[in-house]
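All chains are identified by letter, namely A, B, C and D, in their written order; residue positions are counted from 1 within each chain.
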């Protein structure tokens, strides 16, 4: 059995997915800053240039052009993966991403393929300041045509990246930076794909549904353990994996069972994804909403900028203790 | 440079067609109810797009300025498709995309509401060309105004660094909305801008069809043969207001009249007559042929249904 | 009495506010595309250059620089107003606006003033396509430090613009383009300011609270009239006027009375402001949330790009009939 | 150009201080627990910021590259303030902003995490200067890498159009992360870029303190006297890795050793010794004075409290 799995960390799982897809399809190409010269800005692409040559390329520091060339290439026969170092720099290319990649085809009624993956590191941690740790996924949800993937584990990251590369629509793949090199997971050696819009129950429970993604998954799981051990509360942890499309059915199913809904993310609270998710839930299942045992709650980072301080940063974003505390309130 | 008579005549036919098409679109807009949300006229600036198209194949990528998108018929679209696109009709009944302005198979990736954003998008097509190792090229024509924008610069940096098969062209019609290009650009020659990227730059009289054809050809051939990017500046003039209704308070007295004298259409016709390539009779005949084509195309285009709500909703990627 | 009021349309009311503040304070200056050469991109600044000379200036077409220079000038002694033609072009300057204007002071703990008004036309109408009609206000709510003003009437626009110019923090002033020249309103000749964070009850009612802003206000009022005349339903129309700060107290007060909450905007539904507002309401008043007569509802534009068609556009964004229909559902 | 001895000695003191300060910060970083989230060393590149600062007043606006922010002591910050800022301490106990890197009264508007975004922000200070009609200037030093970015270009367009009092400076240390500037810029001389804007451009050996001082002075004086913007390129070299821990696989063998030979510190000292402005003894004395200052400053800086959570929350504009 051992040869049928590999132990991979998060970033290697993503690398493996890209490599497999580049082997499978010669039209896949990838570019961004220092993918060759530094083997990826975070050292995530070892051996790629050696294997694929000029299908992996270094760009100047021109995020707007990197992003938009991805779109143009994707319309003209290339299955493009463009790498933007961090979501803070995605903000630089916001117009191209939000309006053009996310809307221009629709604006003109063009229904042909545009297979583009925007690959970007995201996630709070390290105290590197707002641009290196920004979480702007909720702003991208407001774009009409962007699929948004935010995996929490190496397994999910690999399966979702393969789906992203094969998708004929543009996909924003937001990789969770703080876990890039943190811990390995057993990954099947044989190929698997994870469909978009399917949330994953990372832990079953009966008292409260905790909807999370990316960096909050780990914290929610830790909280669920504490809640179970110390308070006898059974929390279900639902990992969305993709924000668009959103697996609203999974949320409704879970809340039908638990009667309580908490949505938590590391992104800033005001304007974060939680409000949208809560509203979607209410719209999709007004009857379940009416019979909630307690109003929907959310957790997000404090409504201030992230400073260059790992310590302040930690205090600003929700942790497992915050999850425990709010769930206890919800059970009271 | 020797230009074949066929090419000269093709350009004349296209130049005359573009003038009449521009007039027809203006007429349709003024009549109202066509579905055209606004109009930014390109009259007097048609020589540049026509000379560019004369150097391109169907599989080359081309961006024109939004003001002269209607000249895309010279890239292979039918007049019907052009008029239909301008009037938000649905061309899928013609077996084409809803708007043929967005059709990568014809080398067209549309324009965006934010000027300048298209340039790096089109640059992406040059990356596809590089990866596929074909001999296609990409030509991006942009206005003097939008040329100021950041993404244009980033595209030039990247094109130079990767030696991509692209020709950047600035259609300097002397104005961006109400702002004179002279107030923005302090260098004598805008094509000096190419020096910032280490590729060739050249300025040409953009109201002279033959001169523009020759200069553009040189740079397109160079790009096609692996020579990399370059910049061409075509000097012309926006004879119309920025938009229909513009009071044009910014325009110095007499300036417009001076430029009407340089109108590329009579200039080119005079030249061809002198060269003996064309007769007055040919022109008259062509005018009446075009007139018929234009009426037919307008009729067919306006008979097409408007872009449909139901189809538009189908472009959603998640719930509505 | 007549001489104590003037009849002004929306855009003239804004112009009057800017003019008064420029007269009052010599450090106020304004720049953007064609403010002088065309008297404003939408002809909204007649006579300004004649009166203020080089304190009103034309820029090249460089939205990123226009926006960011506003910030730099505001930090160095200028009370800056920068004009960005439409919100679609605000997307171009998104990084500067969202991250730098909205966060850099906080990131470095700088507490000094930064009096910047970002003036921008917004609102759907005319069929000019996504960039000229985009509504991206909800994405800006996710920035830590941006105040967001969206007035619906000439009166509000004038009073809020004056407050914006005097504010020492950056303010995004999103003027509702489609009503620029549509109808005049009586405006007091004497000076008045409207504070931020104070919603305005545009119509009182007892059955349902309709929370709206900008272009939806007019539609909600029309709907309220229909509901009252045809269905005997009494709707309260609450105009938020500023999205940040949000007048959550006014919402809670109204919903306490009506027991029903509808939030409507012309912006696209997914990721729009409604989700955030609903969540804030639930958080601020869980007890009121528990006793709602029907779950919170929202209206927003369909989740697709705006095409260049006035007709499709009209069908994509909510109108008064949609408000009537959803309110009737809520009352059923 | 005749440079007064005082100025020469001031620059020497600052150059030596900057070297020792860079070493001290590296020591603090390596020791851990200081609050410094990362370090990007600027060793060997100090001549440019020092020569720039030697031409500025307290009320001039200055942006250095993020890598050499610590040289801001030469603009008037104390060593304590610099070390405290790097270590996320709160300087308000010193009667200064929490981070003196963001202090418009000292001409400092901080740097952003996204390189290049500062340039138009700083350009805004040049607009304030224009409006206030003072004789201040703004100097923006940026790396060869970030110089590619769109907002930099837009700033240059706008500066040229408005004739603003700003000097753009590119500190070409030959690399942006792992990417060689030679792979990006295909023109022989990067200062040719100025030709795209119609203002002067000049390249200087950025490891030669005196040459850099002279060239920078010329352009700053010009801006101060209403002459408008210009571009200076200082050629230097990034002797350290991009970040601490960078395996530097992109570096050609031997390149670093060649550049160590051009280290501006010994070069400048040799020059001053030759000129008789300085003796070996002076240097030794200065070294020990700086050593003491550095220890004192470190102690005071690290004694300051970290930026506080409560104060940070006070920056919120609405509910938390």
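Methods note: contacts are C-beta pairs under 8 Å (C-beta built on N, C-alpha and C of every residue); 3 or more make two chains touch, one makes a residue touch a chain.
Note that this is a predicted model, so its numbers are computed, not measured.
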Self-check item: If a chain touches chain A and chain C alike, it appears here
Solution: B, D
Quiz item: Quick one: which chains contact chain A and chain B both?
Solution: C, D
Quiz prompt | Most distant chain from chain A, judged by the mean position of its C-alpha atoms | solution = B
Quiz item: B-C or C-D: which has the larger count of contacting C-beta pairs?
Solution: C-D
Self-check item: Whole-Å separation of chain centres (CA-atom averages), chain B against chain D
Solution: 45
Practice problem: Would you kindly tell me how far, in whole Å, the mean C-alpha position of chain D lies from that of chain A? | Solution: 37
Quiz item: What whole-Å value do you get for the distance between chain C and chain D if each is reduced to the mean of its CA atoms?
Solution: 41
Self-check item: Multi-partner residues of chain D (each touching 2 or more other chains)
Solution: 112-114, 117, 148-151, 154, 157, 161, 183-184, 307, 312, 315-316, 318-319
Quiz prompt | Touching two or more other chains - residue numbers and ranges from chain C | solution = 60, 62, 64, 88, 91-92, 95, 99, 104, 106-109, 129-131, 144-145, 244, 270, 280, 303-305, 307-308
Practice problem: Classify the chain contact graph as line, ring, star, complete or other. | Solution: complete
Quiz item: Which residues of chain C touch chain B in their complex?
Solution: 33-34, 37-39, 41, 58, 60-64, 88-89, 91-92, 126-132, 270, 302-305, 307-312, 315-316
Exercise. Within their complex, state which residues of chain D touch chain A.
Key: 35, 37-38, 88, 112-117, 145-146, 148-150, 176-180, 183-184, 242, 246, 249-250, 306-307, 309, 312-313, 315-316, 318-320
Practice problem: Flag every residue of chain A that touches chain C in the complex, lowest number first. | Solution: 88, 91-92, 94-95, 98-99, 102-104, 106-109, 129-131, 134, 136, 138-145, 244, 267-268, 270-280, 282-283, 286, 289-290, 294-298, 303-308
Quiz item: For chain B, which residues are in contact with chain D within the complex?
Solution: 148-154, 157, 160-161, 183-188, 192-199
Exercise. Name, in rising order, each residue of chain B that touches chain A in their complex.
Key: 61, 90, 97-99, 101-104, 109-110, 112-114, 117, 119-129, 131-132, 150-151, 154-155, 157-158, 161-162, 307, 311-312, 314-319
